[in-house]
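Below, chain A partners chain B and then partners chain C, in two separate complexes.
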Partner chain A sequence: MADITFGDAPDSVAGIQSRYMEQVQKRRLYGGLTLLIFVVLMVSGFNIADARNAGGFWEGLHQIGDYPADVLSEAWEKRADLPGLIAKYFPALIETINIAAVSTLIGVIGGLFLSMLGTRGLAKWPRMIPVFRRLSDVMRAVPEIVIALVLIFVLGGGPVPAMIAIAIHTAGALGKLFSEVAENADLKPLEGLESTGANWSQRMILGVLPQVAPNYISYALLRFEINIRASAILGFVGAGGLGYELRNAMAWGPGRFDEAAAIFILLFGTIVFFDQVSSRYRNRLTEGQTQ
Partner chain B sequence: MLQIAALTKTFGEKTAVDAANISVDAPTMIGIIGRSGAGKSTLLRMLNRLADATEGSITFEGEDITALRGAARRDWQSRCAMIFQQFNLVPRMDVVSNVLHGTLNKRSTLATMFNLFPRSDIHRAIEILDRLGIAEQAAKRAEALSGGQQQRVAIARALMQDPKIILADEPIASLDPMNAQVVMQSLRRIHEEDGRMVIANLHTLDTARRYCDRVIGMRDGRIVFDGTPAQLTTGVARDIYGAGADFSEAATSTEIETLDRTQDHPSVAYA
Partner chain C sequence: MTAIDLDTTKHAADRLFQRKRLIGFAIPAVILLYLGYIFVAFDFAGLAQRASLENAVTLASDSWSHKVHVTRDNRSGEITYAVEGERKGRYPEGTRPDWVTGEEIITIDLGGEHIVRYLPENRTEIEIPGFQLIAVQAEGRSLTSNLPEDLPEWISASNRRIGITTPEGRITLTGARTEVFNYFPGWELFWFTLDSPYYDKSLTTILFGPRLDPERSNVAGALSDWWNNTMWRHGDVAWAIGETILMAFLGTMGAALVALPLAFLAAKRFSPLMLIRGTTRRFFDFLRGVDALIWTVVLARAFGPGPLTGTLAILVTDTGTFGKIFSEALENVDQKQIEGVASTGAKPLQRYRFGVIPQVVPVLLAQVLYFLESNTRSATIIGAITGGGIGLMLTQAIQTQKDWEEVAYYIVLIILMVMFMDWASGWLRGKLIGRKD
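And now, the complex of A and B:
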């Protein structure tokens, strides 16, 4: 095969065929090697993790249902209390959703500025683009829970540190997503606006935002879903809301599993509800775009 | 060979194709002409089963095409190749891979996922590309090719399916006149040398006249003309295009000379 490859007639069909086959074989070899490395890494990684695990994966596997079973059986025994408990924890749920909503709103505004200032072609100060890009990198690289822990240490427990923590992370994450959308925006309308003497903010608001709005809203809604989960989790470290109550109920252990179950139901229901609402709305936005 | 009986397609209130009847006895090169929105594309899409018919039937060599489901439908699609206006290739894959997609119906998902096609298929794909004069582009990405070359890759993909029928939906509408000529000549050659039936949607009269044995004219979903190019008089053409006495063939032409004229001074063609 190989010895006739670069032979006599490079432009004959046979020459093209053998050259292409050689390329295909090379590609298959690389593909096979990649797959092999992947499998080896997966298997060895799994074995290392399993060996280091205190309990062991295979020994623990059959116990995986034990805790949920305990919670469920106890909750089922006290099922008469559930509606009352759900009503009791409803204010905490509102607090969780409020944290998510406020932090999403602030994060979106922050993300807007970061994206406009960090996108080539749009930035007000082109030389500062790397600065704003790294800033949004840092903001989304630090986990919410770390920022929240620091802020709770400084400000004390409550919803405000959680809100600030989630807003910072959201601004960083949305700054990145928004600027990727903005990169694909058509620059001609901007030039048109600039020719009329519009300033930077006017150009961004009137030239860029109408182009990118459907995508931005879609990303913001997705972020809102994520933030509801995040704000529930932050409750575990003392930021209030549903997560705080859940941690208390779970830490008490058997005896208060009915409360844990009620909180789980609330959390599940809320997340499913907002997931459905926002995915329906996002679908409409993206479909509207193609029309 | 191919019978289309009372084929109808409605989208809500609108009737895209209205009780179309076409009968073809031998492999022919057929051109379907008409204004955009006349239902030409919908007709071809129903033939390929990309779209389902609302009413009526398509019969090919005794087999009811409209009733096929699942694997049988995909098998029919592999026997009835389609060429699109915008080529519809996978832009990031190389030319030969795109041509090999013509064999997808015969291969397993797993093998195609890892791009494992038999050597004989790869050789045949390059031979088909050579027949269409673009073998030297074999290893390039499809997106790196010009429009005319991409459309020839699409024809190669269709030929790889070894189909009985080739459907071409406005194959030259996105091409410049020179490339349009090359593509139409390729389709004509495939019809003459391989004896495959070719049905092409064309919105220009002179292309249909020059390359087709039979011309079908559609207007508002109905077939208003079915005959030889010679029977297609200016009066009939006016009727198909719904134009008045000011209609001239130059208005629908892709000829280089007439196109230059119509592009530079659009008013001249109608004057």
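And now, the complex of A and C:
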């Protein structure tokens, strides 16, 4: 093997160059092919989506502004009512935020357990690690709407189905993220605690949690942001809160667009507000860690 | 260290401990208080009344079993046999399940010695072990029966309608018709409907046996009958899943393509003008803040229901998210590599191509692929709102409140689809930027 490479060495400059060019060309070819496949997928996908849609893309494009313009102009005409409407829908907003908050809380607790039980080195029952990992995979894979719709059928409409649905998904998603963090946790404090005779939950609370808390809180806040959006969307399929009111307001159509506008404003304001607050707090958490 | 120093340190430590202990109790207390408030606010107490245990039981049993209806129309005397009572599941003329016997008197054996007899002139007899023989006569719109005054809970009776629920099956009688529901485990007609020549044939017969349908070869015929199964609509379901994945794919990739050039405008390093930077950032914030829900609602007005609307809703929302993430990644680009490229005499565009892009591509790709998976879930939900993909089929199946086996089927498929996308995006990430772990 070595002989051959040495044997090739003398004519190397030209050889290396040609081989290099060959390699570059090959890479370019692959890159071009990937790009071509990507473009073909995008274009044909767009055409399929366009063909299967009720209205076409090009006809719809110039109508995008119509609905917002209608809503805005009507809201502007009745702008005197707007504060009243915002006050009227404020309880629904509180419900939406509550759904997000409770489900995040429950999800964090569930995610904590899933991550601790599914991480090597921390697990209480090491043999069960794959079980808990699969469990959190499945919980993560179920879209909220699936559980919400089924629970609405069983429990009736309202905030509880949405809460449970989002909590399950959150637990699965956080379980995965948490366990990625927990894998990097230092095991020495755990050994120290074990030597004092601490049991599993004491080891987890005193040994692992303080190490991972900043990351966990940061993930939980991010999740809270996501869950506010999710709870608004689930409201639209009948699970209470602002989304539900939005659907009703939309169903009334023109003449009641001021109500829709009030809800739009509330939802937009809430999302932006919590985005800003949580991203500021998360930045502080992660910065504090790097120092 | 003097004694006084030690004292103050000890004191400080004590105070710290006390504070920590207080926090240790306060946080769970606050959480409990909050949960208590939620308990009241979400009306958990009223939930017990609103919750329908009956619905839960039908859901749980229907999702893994099916029922066959034996219906007698009391006006014409005609008897029909149909899986799930659907026209599509009807037994062809002249055939019937083998637990039904008799010509004049139709005997339906529900199993466990539960027997129902359809007698001539709209009379019905029901034999249930441990209970008297029930005889019912239907006349016009009313029923007369020999049922006693106080009835067990599994029988509900009035002179218009009698309902009997047993572990073996259900019987409902009204003046107009008499129906028996016999339950069986499994998803009936999942492969072929009753009118298909391949129904109830084993795989080996289809693959190697004689030709069942003279028109077509067995394999092609079986595949097409399965694909066009009118009960389960496998073809439509496959299309719907394809639509959902398409929405996620087009939306995510489209958003990435739109967001990338805009992200340069929002990154401090590449866009020195404060005004442009600020405007682009506010634009991203606006797109994200409006949220997929409102975008879906607004876009559905312009484009009508369908996958394109869902695609655009995802595209618009994620343009905001990607814009933010991308511009942050661009700000963290290492200047040295760009300088190195510049030192070889590269023009600005080449500096971007060889100095910036290689640094940010792995970060961006990782984000895009992660969003591809998460958008598959979003596309399911958006599809339910805007009317496209598997989300729509799921909501429709749930709204009919009877096809629970189809609901279960869709749920399984959705979970598999999301897990597949999760795996596929992980695989692609491994291929494109190499595995980290």
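What we mean here is this: the second predicted complex is superposed on the first by the 264 of 291 C-alpha atoms of A that agree within 3 Å, B and C clash if a C-alpha of one lies under 4 Å from a C-alpha of the other, contacts with A are read in each partner's own complex, and residues count from 1 in each chain.
Methods note: a residue touches a chain if its C-beta (ideal position, glycine included) is under 8 Å from a C-beta of that chain, and two chains touch if they have at least 3 such contacts.
Note that the coordinates shown come from a computational prediction; the quantities given were computed from them, not determined experimentally.
When the shared chain is aligned, no partner comes close enough to touch A:Gln202: not chain B, not chain C. Using the contact criterion defined above for the overlaid structures, shared-chain residue A:Tyr67 touches chain C, although it does not reach chain B.
Of the two partner chains placed by superposition, only chain B is touched by A:Arg28; chain C is not. Of the two partner chains placed by the overlay, only chain C lies in contact with A:Ile233; chain B stays clear of it. Touched residues of chain A, counted separately for chain B and chain C, are more numerous for C.
In the superposition on chain A, contact is made by A:Phe57 with chain C only, not with chain B. In the superposed pair of complexes, A:Ile16 makes contact with chain B only, with no contact to chain C. Taken together, the two complexes place no residue of chain A in contact with both chain B and chain C. Here chain B touches chain A in the complex through residues 96, 114-116, 119, 122-123, 126-127, 130, 135-136, 138-139, going by the rule given at the top. Against chain A, in their complex, chain C makes its touches with residues 31, 34-35, 38, 41-44, 47, 50-52, 55-56, 59, 243, 246-247, 249-250, 253-254, 285, 288-294, 297-299, 301-309, 311, 377, 380-381, 384-385, 387-388, 391, 394-395, 398, 401, 407, 411, 414-415, 418-419, 422.
Those residues of chain A that touch chain C in the shared complex are 38, 41-42, 45-46, 48-50, 52-57, 60-61, 63-64, 66-68, 95, 98, 101-102, 105, 137-138, 141-146, 149-150, 153-156, 158-160, 163, 229, 232-234, 236-237, 243, 246, 250, 264, 267-268, 271-272, 275. Those residues of chain A lying in contact with chain B across their complex are 11, 13, 16-17, 19-21, 23-24, 27-28, 31.
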